[in-house]
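These notes are about the structure you will find just below.
We just call them A, B, C and D in the order they show up, numbering each chain from 1.
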Amino acid sequence: MEGNKGNSELGKILVYGLLIMLAFAGYAKFGIPLVIPEAPPVEEKITGAMTKDQFVAMGDKIFHGKGTCTLCHSPVGGRAPVLDAVGPRSSERIKDPRYKGKAKTGEEYIRESMMEPSTYVVAGFGKPGTNDTVSPMPQINKGAIGLSDVEINAVISYLQKSGGVEVTVPLPTGAAPAAPAGGAEAAAAPKPATTAEEAFNKYGCVTCHVVPGIAEGGDMGPNLTKLAKEAGSRKPGMSGQAYIIESISTPNAYVVKGFEPDMMPSDFAEKITMSEMNLIVNALLGKK
Amino acid sequence: MHFLKPIIGVFVAYLLIKIGVPFLGSLSHPGTWPVVPTAVMKMYLFFIIAGAFLASTFSDEGYNGLVGPIVDLYSNPSKATLRLCAISAVSLLGCWVSYQYVKPSFEAPVELRSVHPAPPSSANMWGKTFELQTLKNPLREDKANFAKNVEEGGIVYYKNCFYCHGDKQDGKGHFYQAFNPIPANFVDVGTIAMLTESFVFWRIGTGGPGLPGEGAPWATAMPVWHTMISEEEAWKAVMFIYEQSGNKPRVTATVAEKK
Amino acid sequence: MKVRFMFSHVKKVLSQCSTGVYRFGAALALLLAIPALSFDYMDISQPVLKSAANAVLAQKAWANEAAPAAAPAAEAKKEEKKGPAEWAPQPPPKLEEKDYPVVKGFNSRLTVWFIAQLHLFFGAFVLAVPIFVWLIEITGVVTKDKRYDDMAHEFMKVAMTGFSLAASFGGLLSIALVVFYPQFMTYMTGIFGKVMIFYALAFFAESFFLYTYYYGWDKMSDGNSKIVHIGLGLGLNLAGVFLMMVSNSWASFMMAPSGLDDSGVFQGNVWAAINGHLWNPINIHRFVANIAYGGSLTAAYAGYKFLMAKTPQEKAHYDWMGYTSFFIAIIGLLPLPFAGYWLTKEIYDYSQQMGITLMGGAFAWLFILQAVLIGAIFLSANYYLWCCLARSNGSHRYSFMIKPIAIVIVTMFLAWLTPHTLVMSSTELTQIGGAHHPLLGKLGVMAAKNTAVNFLIVLTFLSFQIYNRSNKKALGDGFWAQNGTSVQIGLYVAGLCNILALGIYSYYLPASVRIGLSVPQVTTTLIVIVASFIMDGKIFNKSEELGETKWGNMPVRSQYALFTLTIGFTWLMGLMGYVRSAIRQHWHVYTVFRDNSPGAFTPTLPYAAAVVTVIVCVFIALVLFMFWMPMLAAKKGSSGEH
Amino acid sequence: MSLFKNVRKTGLAMATLFAVVTIFAAPEAFAAGDAKKGEAIYQKRCWWCHGKKGAADGPATTFLIPPPRDFTLGMYKYKSSDPKVEIPRDEDLFKVITNGMPGTGMPAWNDILTEQDRWDVVAYVKSLTDMFGKTANPPQIDVSKKIKSSAESIELGKKAFQTAKCFECHGQVGKGDLTKKLKEDSGIRVWPRNLTKPWTFRGGYTAEDIFARVSNGIPNTPMPSFAADTTSSGKLSVEDRWHVVNYVMSLAEPTSKTVDGQTVVKGFQRDVMPKDENDAVWNETASTAYFLAPQIIQPERFFTPANDLIKVKALYNDKEIAFLLEWDDRTKSIPGDPTAELIAWDTISPDQVAIQTPVVIPSGSEKPYFGHGDAAHPVAMMAWNSGTTTAPAAGMTMIYSGSGKRTPGDAAAAGFTSSGTYKDGTWKVMMKRKLVTANKDKDTQFEVGRFIPIAFANWDGSNGEKGSKHTMTSWAWLLLQPPTGKEVYLVPLLVLVLLAGGQLAAAAYLKKNRK
């Protein structure tokens, strides 16, 4: 009898408890908008068979995704400087008297800022109480984010591109890390050229230009055999390498005297892979 | 009486939330009826009912007064008809409520969009970088030409903005209906009145595509104005919308200190 | 094949412990578990306790200074130890999916989650009970009220079974971890191996104290031997707290690793690894929460016994026991929000990214659920206090205040529950005229939340104070006896007005200034509570009791309020455990050791809620078993007497 | 003490409230408007369009069709005065200021200008011309012979509509599909009203309003007065005019009105898909209407649209999805076609319509940019154009990855077909496609039960619309409704049974334990 009383009392308590918990769980299920947390990030696949635009797009993807940069470098909250103009700004920064780092170019400055954030802290963005000497930013190549060198380059290329300055980072070559992973992709795409000569022929450069190393060429465009010497001085402040890349991707940016604009196709940037671009630029600059 | 009091209390609270809140809200935002969203309403009602129940049953007297009549209804042999009615009413109500839940709803999915995301520290417009935290409207200082600048801002507004944001600055220009989200209402105290001029300047300069993710940059039709109007025109337009809508720009602590 | 692979891993881990002691120590050390889930509380991201934060900063500075000195020494040691090599620290391996053993029929993540949470529930309980048993025992000695001593003894009885359950789950957890996450365990053992000896020793010490404390209760009941007994209790608690802190350090290491170099290689300084950024906040938070949680569990036990009681004496006893336990739970509950503030602030300090994930990212909505749970807890606590008025004869003088209190509490809750981002349908969106609600929008921000929380705490205290004085009548014609109550009313009104005014004022301030105003709000709350408590003492300096307190004169539903409190607490604890663990996202050890197992995804809230519900059900079933054991013993004892 | 205080406070509050209410409720004495005060309001609110001196030369003027009124001429389009009187009544001006003119840039000012303010503005506006002189406010047109609407009256109205040749401009079914080029006396192009959309009636939509319009015509426009007692060519008796009013009001078609907040195109499941746009199966489902705005976001910006609405329906089965797009267009724009060329104002281009969906249905809230997507989030476009006399009407698919970045799609592989019909001022275009295609990078893979962003664009070729000059919507949703499952009925039934059972059990239990 007593046992019965105890059991029924206990039963009531248990049913009551169960109902409460079901109410909690039910509220979690039906009362709250479902937010699906993001899946763990996947490593970016990098191949030599990437065009510059693809490389920039990859940097974009890393910047907004895996790199988690936008958590702070976003227009929200003002936790860190917005980076849409870091491309042009970077070369100003190194001239800042407060700057004590080793970077000589804008590109190096950006890389340094990513790997050693405290080297230069933009005024107002330091850790509280440190008078802008210590950056709250994590090292991007380590820890939770841990970007590889190539990924960092991709981000720099994205920042430079979106800032409207020329992309100067070294482009990934076919032998870049994680090549095996990209193998399948590379096989599907047309095979990238492996020598400068192949590249010149593949894109039909020789139809219009005379290029170093190939005897026959057209004369619709400037003769490029002496470009190695002239490229650096064509546009003031622009390196030969940068000039050549620019001329290939946006031919109208500088038109050599005596030639008409709009003659050269403007879509090479979308077609040429990074490794091919490297081959071409090096060949034109007379480097091996 | 014990039985009725909490029920009346809950009902009054319900009315307050259902009608009182929108009414109060509509006073400051004419033309709207700011209802309490259903999701919040449910939560509120649950706690109000729970609170009313708890507050009236902590003493035995109160408990019996509230629960007694119900127990009596369910157990008194002389109230068989009434009991049957109550049982059917409650069951049907539950049936109806559950149907409301399970019936397929094809209302557009809810999108959580932040209308005024926090401003960035700097923005790139007209080919230069503006540090928004310290940015001030350069034309504000020019007290002598204030009226002229506002009027010129008005001309900018009427050549570019009023098709969406409206003659009355209420976000209901003659094309507003095509857009989702609808254009910003400058008369509303929740928009430019709580923002600094530099924020508004940034919103004009970089437009919808310049918004951070939570502002749904993919959906807003606000153009990127820095490619279409000059910096000075943008500042003048900012002055005009404040002047015409009768709002004062917010001055942040940092800007105030610099004065 | 898989089984063999699994065993080889188990062997590998165990073989790292070269001596028998080490091996035993390591196994035991795993008892109180690594992915221990914690009890985070408040959804408020902003720092409050500045002084506390400063203390931590100072401590950190000290740790930073200490580290360079320690590092070379550690280096040297490392060189020396190269020979045996068992403890040579390894960088965390880069794992792939195939590195995680699969046991058919078991979801490794879910299994570990289950066991760890159950272990945590029991662990928290058996750590908390001795703390207040010990305090109650001292109270008994000081007040010479035998009831306290009896109650303390009975609590210990309950805790005894809890101990063995906690230990069993700890063992199970260590096995599960070794089986499912062998590499991870290898890495952790590589760092914390040395501590595990102490952990094991503390475990033995705790067992020793536990048995002597419990079984020596009757024998050491008076005079000097009672003092020895109290000393044993102290030892028990010290050992318990030590155990908790050590296992906390593993959990906090996983969240905020310290003592490692950039590539995740351990630098040899175990203290640096233990004394991570989040260690102390978690220690404090768990300590306070454990007390509240242990109190609520014993209150539920008393409630159950109350409902089962046959005689008025028994009823009175369990009513009194329930009330005392409840009181302890509330003492833990009130400061808990502030401990939560601090922990959250430190999480932000440690990693902004983690903080944003917690408060602004995928988990933002979870804190609405948390608000609902805390609402349930606060409401049931107040309800219990109101029900308590039935015990005293003078309570009719105060019962008119209950409804206004309830109205204010509910109103404040509604403010607290109002989400920052309102979910609305497009029709509602049109009616409102935009996503910004002119009224509710104001309730969504920190200013409103802080105000609401402080109101809740003040009013809950008011409910308690009303009960506390309901059976007393002040005598004499001193100032306080005559006017004290008026002063108190003035204090409450002024305090609440101040909190409200600060809240409204801070709403119009920029966020950076606004944070600072939460400090005077909290201070106001504390002043009101402390001052009116002191005044009560003065007012009732000379007073008469309006008849005997009618212990046992409580309605059944008041006991259900206790059950609600307990279940709310337990469930919330499980939920917060999920958050604390899940904000690491796909990392075993945040930023250092990546989790590449198939279970590395972050579960959704409904999923987690379902898991927590099931775990709590299992837990309750085990608790019933725990209560049933001592009753069985008692039955045998009583039948023997006959 | 405190009680007394409370009472006093409450009293005070109520007194204040009473005072406030009295002030607001007091009947305002509207003396004739004060032109001086009106000028101040005018110079703050109105001049931007109507010009500083009322000559319709404000900064916004050139962006508006119809253009703002030129007050210096004293010519008003919408008057309710007697047909014999040239000038409008003050109430006509007041009404326009109060209610605005739907579909034009003129908003309703009633919410921010008080009644007195508006009368003041009327007074000022009248002072801008000498047309009014010292004449008293003219009498209102006689509306005492109003005929109640009935089937018979509507029928008579329809006949009168024919005899008075209303259809020449307003079209056979009232859609305003005109047969001749219309312009105002000032030479500005003007469109006849689409009578099926009463919410766009500039001068109001009461029977009296329409009666005044038919009787008075719209001065300076091709809309003549039909009052028998004027010199107008078209003559209708008072009765006939009332019949015409009833007929016009019967033409209203509320389904083509956009509803605020309604942003979902509901796709319904059908076993047999419609053959073409005129298939009867389309009549079974309702459509969703969207307001179209001109493209004013990026160059070349376009401010003067002719079409304002598009109606959309969708049907699907396990293989295909079909969209029906309907919109009222006053002109069938076929370049080269003599009739079309005659009506067209500008260089004529084909009429076009397009549906935009994201190539990948977004799983989170992030969508492609609504104007042609972006590099990371391309959009798929299905388009149709009405063709020319030499090239037949044709559909095409394409992919945009940002404005101006267009690549052609593989229409054949997607099974894309399209067809269109123009009849009585309405285009109906059907586009059909496979639900799922092999080309995941280029075609949207439609999924049942998912909310899919969708947007529309429309070109009226006779209105100079081509390229970036067109009308459009921002993102709305498409939902292919899944068939309703059984649980919709089972769950409520289960709840019913459980609740009833539970209550009966509780009653039985309580009865048993009743003391």
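Assume a contact is a pair of C-beta atoms (placed from the backbone, for glycine too) under 8 Å apart; a residue touches a chain by one contact, two chains touch by 3 or more.
What you see is a predicted model, and the numbers here were worked out from it, not measured in a lab.
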Nearest to the mean of all protein Cα atoms is the Cα centre of chain B
Going by the touch criterion at the top, tell me which pair is linked by more C-beta contacts: A-D or B-D.
B-D
Cα-centroid distance, chain A relative to chain D, in whole angstrom:
46
When centres are defined as mean Cα positions, the distance from chain B to chain D in whole Å is 26
Distance between the centres, which are taken as Cα means, of chain C and chain A, whole angstrom
45
Approximately how many whole Å separate the CA-defined centres of chain C and chain D?
60
Could you list which residues of chain C touch at least two other chains?
372, 423, 425-427
At least two partner chains per residue is the criterion; list those residues in chain A.
31, 33, 36
Going by the touch rule set out above, which residues of chain D reach two or more other chains?
260-261, 263
For the chain A and chain B complex, residues of the former touching the latter:
30-31, 33, 70, 74-78, 80-82, 84-85, 89, 124-125, 163
In their shared complex, chain C is touched by residues of chain B numbered 21-22, 24-25, 28-29, 31-40, 43-44, 47-48, 50-52, 54-60, 63, 107-108, 110, 112-116, 181-182, 185, 188-190, 252-253
Touching residues on chain C, where the partner in the complex is chain B:
372, 375, 379, 382-383, 386-387, 389-390, 399, 402-403, 406-407, 409-410, 413-414, 417-419, 421-428, 431-441, 510, 512-513, 555, 557
Could you list, by residue number, the parts of chain D that touch chain B in their complex?
44-45, 48-49, 58-60, 63, 103-107, 109, 111-112, 258, 260-261, 263-264, 266, 290-294, 296-299, 303, 365-371, 374, 377, 451, 471-477, 479, 481-482, 484, 487-488, 491-493, 495-496, 498-500, 503-504, 506-507, 510-511, 513-514
So in the complex, which bits of chain A are touching chain C?
2, 5-6, 9-10, 13-14, 16-18, 20-22, 24-25, 27-29, 31-41, 68, 71-72, 79, 136, 138-139, 142-146
